[in-house]
């Protein structure tokens, strides 16, 4: 479905970095869900550029609900969010439009769209399109919270600095759900900020690994094969620009251990079946087991750097050197974390409604 | 779509480990594609248990094409493959059916299916269902080869033993496409076999990391957001039992480098645009750039081990100890690699036909 | 999705008239639904050829559930039904394979599949593939009956003979759910049988109009635009071979009346909102209003007739005359009615589960 | 997919009659297709209210392309069209919001959306949402014309007045593609206008039957079962408000004839296979045979009439009488015809691109 994601609930994305508007259509969401503007603004603020470790392009990102909302609540009909693009400096791009930016989609866009795509600011491939994803995700994340399901993402590692692991998930997720720099350990956060600043000072960029936890998810959600929870979440997560890896639970570290260490033993906690460890990240056979869902994503270093780079001039079909101007982030993983949260909320709402019906999401007694 | 995967070309999977048959329906494949039984058997042999590092359950796995094939070629109508389950020992399972095997889907299946699922041998969750995936993938991989697209997967690492990296892809992929143990360096292969044998001797199991390369894929294939090549491939790959992580190109190592190292510089190779490095694994902005697609998957240690394990008795709702009998693999990554190849072939055929039309796959002139 | 239909619950169809097997995969059906073989056989009998007004080819049509059923109930995993093709006389077809049968899909199959399709007996286009549809529909119709939803179809008209209109739906639907000739008025039925016999005697065939009623369907099911109940039902109904028209409620007669006659006035029947008339066939704005769903379908005369017909020889690319041999029905609408019922059951199960969740269908308290 | 339609190319609809905007997102359309504003305006004019036989609510309906268009051509990325709602008189509706309008979706919307939907002017169910369908369809219809495929719809019948049948399709379709009243015979048109005026004068409304023809469509397009051309077209057509019946070729009249009359004999016209008659409307076995596609749709009388009507007050749960004020059409079939054309263009583009690939639509040589 190309730019549409989800079955019971779907999100369709549209827009270009320098077009008049960007936006998203949410379809299939239950009627009667409150549109909590404070909640949505808090999420949008988590994605907002932050001082000198971010781009100078700052957009209002105010979501305008042109349909599907009536008297402050979802109607159940398609909900279209549009956001204006106001702070565009298209001239920055036209000068270098034939120089393919390494690590970006300039070249692949030309190959796919035969040169008809809007190249300004990365066009449809711009990270700006994550803003409507965040607005859409905020509506769904709030609805999930009403059902006791909470999502939070921290920076797990950047270069040689690691944040502390998740501990008490309830308080950790609460701490993460503010626009502050998203580490659990503030000192680790300060060091990662320094890494970003140093890279920026050296006209370079850095990447990082994010870790996400979801609590309160019921067991029995997901499908055995092609719509496993891992499949559907990964599908959504790899749609986020710069995500190049996704792992659940112990992930790639499973290559280092034996089955006797990897298996999560079950035990009874009162009437509830739990596992002693959570190496499988809350998922067995593609289906939730009731333990927290835990996964990591890697965000590659921002492709836009201010150093001269070897590339090609696609009009002249010859080698060239590119020196970027414009406004760019030296790192985006700290901003991307709320996009990861949003994609997670969208996926889970979809899979929960497939299982429990459309109206489940709005049902207060849940 | 639950157990159906793909748009232009789709695969629907069905069956249980101890039912009468397992199988798959391929829909949307072009008419006139040759069914090369030698090619298919070679693929099925790559998945077959191998001596003492594998389960003692050996199935014929002979694919029976009950529809969609006429006079040795695809007809263009739905192609149903069925395989008999003959060598089943269901008694092994009934004794312990209430003891939830750690790391398996026993518990989540009960939560999802309320106790109605066939529990014998893991039922629908059994790795046996990868046999029809391999048969389906073989038809598509052969069709891709006719178009100059080749896929190969080797064991990248198991515990502390790493295979050598991919070198000349043409010869490496050729070497991998036999039933031999899938490493590029035979000595590394022998050491990994030893690791598996040691684990087996100690009633335990091991996991590993697989690396896959695809050559000959045209540029411009994939979608910018939700159907990025990464999204669609990851969706399929995470459907494979025991896959817990997927990374493209440098993957999680992107957290260790700067943008100036991570970006793949473009250059002209005659009339062709290429990149000097391939850290992005042949994909920019979710779309192929013409360089080889490269990705890694991690396969967790087989969940079935012969050591006593803590678990719960789901009927009595109390803690219990499980001692597995039966026939199990101490490692499955070496068998899983052809499943990864198959999923890759299925995904790519689907995305290529979306782009170029249904008949493209059968078109000899390519 | 080509040969797959449905979202929450889907049916994938496969097979050819003269292949080894035909079948269907049901995916997404709730676990714990009883497989009532008497009920299924009754439905299969409704589709069975009937004496001299039907083809002489009689198949056992015994559904073999190769997956998704365990201990007599659905497991919740994909349910594959296969049926053997035993009574095939392929020689009948090979002689005339280049002569395109008028009204059949021979020519369009060649255009679509470039000559690779199995031509014997119409191949994948054969009405035989409605047998697994009926088996799949029977499972769903039974589950709907457990929820108080009943479906029945009668012959509304053939040539100048009309059956009496639906009266008391409960008893009318009960009367129709047997293998007897499906009219409400037995005398009308006898006259229609005569029409068929006369046509058969004159080496010709006839068509007819079927009318279907569904009682007990809750209000509020369906979507406002592209997945209106009418859209989804019509999508399924037009998949049935020989269906060339579908109308809901008054249908094409809406061109003869004014709004004041066409509108169905609402009134309170105790606490329930009902309509005085049901010209809209139980559907307003694409969504059920709680009144019975009523629609008609037209089944064209069987294309296979024994008279000489003008056509082309597709190999020689020249005009030719075709004289059919073999075994053919002089009418199929009386057999098609259970296929219409089955498609209706499949559609409604899908839309109800989308609304109320997967498990709703199995929920006894419902 | 609820409010999204199509596979290769999809259209997602959003908006409410009295919200700020209505619109649609087209996804999957090839890059490089010219946005011909004159062509689009002509189509929009065909849907525009016409003097005294139409509502007094006249909207600019100017399509604003907020994404997916660059320098006058499609980019290949999602194309979002928005249109402003300016001429809204919401007060007309709030007075009678609890009185369920017979024949409308007021009641079913409450049942589905539990009272949260925007009731003003029919909300999401309003015929106003056909305006973005027409804009979307115009882009596709123009692209089809560039490939030699033409679509036209006339009024076949209203009450006892029938238009003349289609004759020379090329000139007939040309005649229909203007904002003039859509009959082939101007005198029949004048009489139908009189029927509408008389109904309007008597505070009533009328319906009618539309007939559509498509020329130039290649043979071999469509799928054998669930995605037959009839299935996909009917799915789209029944999404249009007030459509209650769809028939292909001879349609319901197939019940009146025998197979020997119904079958379309093939013959050679030079190198091309044609049929002598076209009772099957250009479709055999769900697949195009190269003859013109011909189908009819019935549009019921406008539900909004100015006579007092019996209904219920849904708040008080008691019987009531409704007297509508506001602005309403006494007939909509003459305006609906361009919506039918648009849905047809959308469906055919989708099915053609599935077959021939995404880029086919933009390919000039085609």
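To keep things simple, chains are lettered A, B, C and D as they appear, and every chain counts its residues starting from 1.
Rule of thumb we're sticking to: a residue touches a chain if its C-beta (ideal position, glycine included) is under 8 Å from a C-beta of that chain, and two chains touch if they have at least 3 such contacts.
Not measured: the values here are computed from a predicted model.
Of the two chain pairs examined here, B-C and B-D, it is B-C that is joined by more C-beta pairs in contact.
For subunit B, the chain whose average C-alpha position is most distant is D. Interface residue usage between subunit A and subunit B, two copies of one sequence, is largely shared: over half of the residue numbers at the contact are used by both copies. With centres taken as mean Cα positions, subunit C sits 38 Å from subunit B. The mean-CA centres of subunit A and subunit B are about 27 angstrom from one another, to the nearest whole unit.
Centre-to-centre separation between subunit B and subunit D, using Cα means, comes to 45 Å. Within subunit A, residues 1-4, 7, 13, 77, 112, 124, 224, 359 each touch two or more of the remaining chains.
Of all residues in subunit B, those touching subunit C in their complex are 1-4, 7, 10, 12-16, 19-23, 25, 27-28, 31-32, 64, 66-68, 70, 73-80, 82, 112-118, 123-124, 359.
Only residues 1-5, 7, 13, 100, 102-105, 107-109, 111-112, 124-125, 129, 157-159, 199, 204-209, 219-228, 230-232, 234-239, 241, 243-252, 254-268, 271, 273, 275-276, 280-281, 283-290, 296, 298-305, 307, 309-312, 314, 317-319 of subunit B touch subunit A when the two sit together in their complex. Interface residues of subunit C facing subunit A in the complex, by the touch rule stated above, are 7-8, 77, 224, 353-360.
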